[in-house]
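Below you'll find a set of structures to go through.
Here come two complexes built around chain A, the first alongside chain B, the second alongside chain C.
After this line comes the complex of A and B, so read on.
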């Protein structure tokens, strides 16, 4: 009886997660358009990937994405968490405003920002008001700018999430240590860097792992805003994989890209799991 | 979708700082907060303007008059309403099924000596952390081969399968902490595993179930990639996917697009405001060990 309690959920996860994942690995070594039998091609897909300029763009963009989306969200989230840690007047309101975007889906976030970035839209109008009209650009149509325009939208949504994580971490910090440090004449910066930061080590690791995993997963936002364009300039590994699979019908090649994403993510997944395993003890 | 997270921190009683708060905080935070919510306000403003107003005075202008034309346009034809219904259906079924299944698994793993249970638990959690991309192609194939491709049932099933690992892990952490004496007393009264689950474990787990339900609702409702993977007919699309199509069809009617995206944002915003506490604690589940 008790075994059934475990067996049913486990079977569902095996069927819809582990079995498909295993299949992707074998598909990655084939050429397949979804109809008929998959033709084994050995490592040819990976050889092709190495010389595929769009794949390289996607890979570079993903690095920019991890550093930009990850780095700036973490810096912003941490700074806001520190600023809004102590209760006080207006603090609840500030906090709610910062994590409000989190409830909006990535797809809707994308649409919101498409509206913002339209020529003559709120951002251009805002620049006009500030007398900076010369800075106006075709934000999403300019291959040099589009990725960064999407990045801004991503950060807008992610900062609140990181802030919540750090607020929880700061709650666990020992306030008496901070007081002791300030009594000893440490500046706020020194107190933060030498007293608070070491206590946030655990949270930092979780945030780091989660940020990288999230960055590699990012799909909806780019799909909603640019679909990887213009001229593939905003292609991430996830969007290029999706396009190869479901637009071009190259299922084997797409699986090879998925394997690359998996390989890039697995180290961080293990880091995260190891930490949870220790917390379980 | 954000990867789930569990922060292991300990809450300590906090002593209030005696130092006065600097006014600079508000000097920085007021404009920043306004800037942060401004995209939502701008979209709301555009949704409330008429097409002629936008065409004549530009997208960036302040509204000359307010109208619900955008919302009327968004709901015209009924497509958006169908999509909203699809989303609500998949979300409700998905949340209930995921929490039911994962509470079974968590119950078995936390209250019975199952060999290798820690490994099972971590493997289940690992499944939820995998990049979805590694699952997309085979999942589409499997749904086709068992004849459920392009059904809301398939979408629900995929959502449940992918989420289970995380919910199980969190619920396990909670159920493990329930006092053993209560279980002994129930067993002495002759209650079997199923009755203990239904009458003891489920009612006691309500707080963590509520937090996970708030979180799962936003995840499933906000999903796009699984919908694009297992659905093809527009009439079956959830609202996220339907919105992107709408955008293709109404590319110049920004008031309609803005109104439709607000409609898509409202359900999760409502969940957020009603269950704000559960939502935030859902993001932090496991942090108060």
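After this line comes the complex of A and C, so read on.
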């Protein structure tokens, strides 16, 4: 009976996840426009990727994105979790307020921030009121700023999620250990770093995996805010893959980009898991 | 009993799916496949019509037209972006939808070259529904092998739009030469008005509007279409000439154009903060209803009088899958859609500024703006469409990157053109 219940999700998973994924790998070695038969080209797609300036921009942007989005949302989320992990008046309100952006979809977040960044929009108007009008920019139209402008929106949304994960982790920490540390005269920083952090190891692993996967698959936010523009300066691997597949119709080339994304994600995760496993031995 | 049955059913379905996945060959290996998944039945069953028109009023108008057809037609409306991505699958499906709404031009020709489109030449001869359409439209609907594969039902035009009341207020007149046009820009600029509205942020393809027109006016339609087909290089001196004129316009554009989309860009025009806007006739929908009668336009003035006149007129309509079970019924439905009565019903129902392709539609009932647009297209020597429709969506993305980069920093012109050519070669090569 157990096998029967397992067989159904397995069949579904095979048909809708593994089979398409395997196809994507085989397509990566072909040239296919979606019409006609795919023409095998060996590793030509990957050779082309290496010399494609837009792919290089996308890869660089993805690195900036993983570091910025991952790093800042984890730091922010952890700081907020520690700050809000104590009973107090209206603490629930703060927590919900910070978590609230997570409730809206990425596409809506993107549209919301597009309005914020608009010329004459709230951000520019706010700077005007503060007498900082000279700092006003066309945030999403400036190739040097656009990626960071989108990053801010991404972090704004992600930080609440990370906070909730850490809050749950902190709830599981043993309070008597912290008391013992303070009796021994440890500073609050030492207590946090040497007593609390080791207990958060499990949560850290979840947060790491979630963050890497979320940052590599970020698509909707960029698509809603800039579509990879101005002139490809905010292109991520995922948006470039979409553009190649569904605008340009180069499904083989797009599959090669998908393979790169997959290798990056799996590489990050496996390295981390391996290190964790070694540390536990 | 019922539970065990449904469980067995579920299991069967799961096993079936797995088997289907394992048995079907790799997706890229060609062959039919049932990618579309639209159930159309042969002979007497309903026709299947796959529709990409999503704007509320035009869609409602089309629904009404379809409902009025003598035979039952199943109409599936799909969001345009998704439609674009799925179109190939629709056409390649073993049981494809019969009639599909899309664009005329290079995209339709590419499908025709793959043998995916139904030959509708009968409709273009004798007393066929399209027989009386203009030569320009016939040429546009003809595949490389000389057969007609498209049924155009309406089109719209691009021009420089302005508000009559605003021009009166500023004491200016529509220009008739290129020098007058530049002087007008200078004049408006001096009055504190933004001469040229544009929105190339979320809609970077708007930057191609001026590129197309400058190329048409300087190098002519023959050169322009050959350039888009990959027969000339974007680093040619001809293209450099175009960019030089484009550069002269840069100071006159809305300084916020890189943040606006096509629709937001019309706001300064509506508020009399911007003077003119090179855009499609769909701009009338962007203005408040009480300003639409105030809207007027002039064609981009002649720059080089040695080349034939040309206007951009993107053409919409329908084609049919060659794999349809019922070619006769499909053609009958296409004839119905192309008939003057239904064209008229669509344009009035949609409340748009689109023009009918049938010369039998009486234009006197349309707004003066639409009548003037019709006159413009009837008097021009050549009709082109728009950058993406005259080339491909893939080439459009290269134009978007190149032109928006050029507009933000024209001093990089030569390197931008080289990058553009390199990107275009990748598109033509794939």
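Basically, the second predicted complex is superposed on the first by the 263 of 281 C-alpha atoms of A that agree within 3 Å, B and C clash if a C-alpha of one lies under 4 Å from a C-alpha of the other, contacts with A are read in each partner's own complex, and residues count from 1 in each chain.
The definition used in the following text is that a residue touches a chain if its C-beta (ideal position, glycine included) is under 8 Å from a C-beta of that chain, and two chains touch if they have at least 3 such contacts.
Not measured: the values here are computed from a predicted model.
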item	value
Which superposed partner A:30 touches (first chain B, second chain C, both, neither)	second
Touching partner for A:8 - first (chain B), second (chain C), both, neither	both
Partner chain(s) touched by A:108 [first = chain B, second = chain C, both, neither]	first
Contacts of A:220 with chain B and chain C, given as first, second, both or neither	first
First, second, both or neither for A:203, with chain B first and chain C second	first
Which of chain B and chain C A:251 touches, first, second, both or neither	both
First, second, both or neither for A:132, with chain B first and chain C second	neither
Contacts of A:63 with chain B and chain C, given as first, second, both or neither	neither
Which of chain B and chain C A:47 touches, first, second, both or neither	neither
Comparison of chain B and chain C by chain A residues contacted	B
Residues of chain A that lie at the interface with chain B and also at the interface with chain C	8, 12, 15-16, 19, 23, 27, 34, 114, 118, 245-246, 251
For the chain A and chain C complex, residues of the former touching the latter	4, 7-8, 11-12, 14-16, 19, 23, 26-27, 30-38, 48, 52-54, 114, 117-119, 138-143, 226-227, 229-232, 243, 245-253
Chain A partner contacts - residues on chain C that touch it in the complex	10-11, 14-15, 17-18, 20-22, 26-31, 81, 84-85, 88-89, 91-92, 111, 114, 116, 201-202, 204, 256, 258-260, 393-394, 396-397, 400-402, 404-405, 408, 419, 423, 426-427, 430
Chain A-facing residues of chain B, complex	1-3, 5-12, 14-17, 19, 21, 25-26, 28-29, 32-33, 36-40, 42-43, 46, 58-61, 101-102, 104-105, 107-109, 112, 114, 118, 120-122, 124-142, 157-158, 160-162, 164-165, 168-169, 173, 192-194, 197, 218, 221-225, 228-229, 240-241, 243-244, 247, 254, 257-258, 261, 264-265, 268-269, 271-272, 276, 279-280, 283-284, 286-287, 289
Residues of chain A defined as touching chain B within the complex	1-3, 5-6, 8-10, 12-13, 15-21, 23-24, 27, 34, 83-84, 86, 88, 90, 93-94, 96-108, 111-116, 118, 120-126, 128, 156, 158, 161, 164-165, 168-169, 171-176, 178-179, 182, 202-203, 206, 210, 213-214, 216-217, 219-220, 223-224, 237-238, 241-242, 245-246, 251, 254-255, 257-259, 261-262, 265, 269, 272-273, 275-277, 279-280
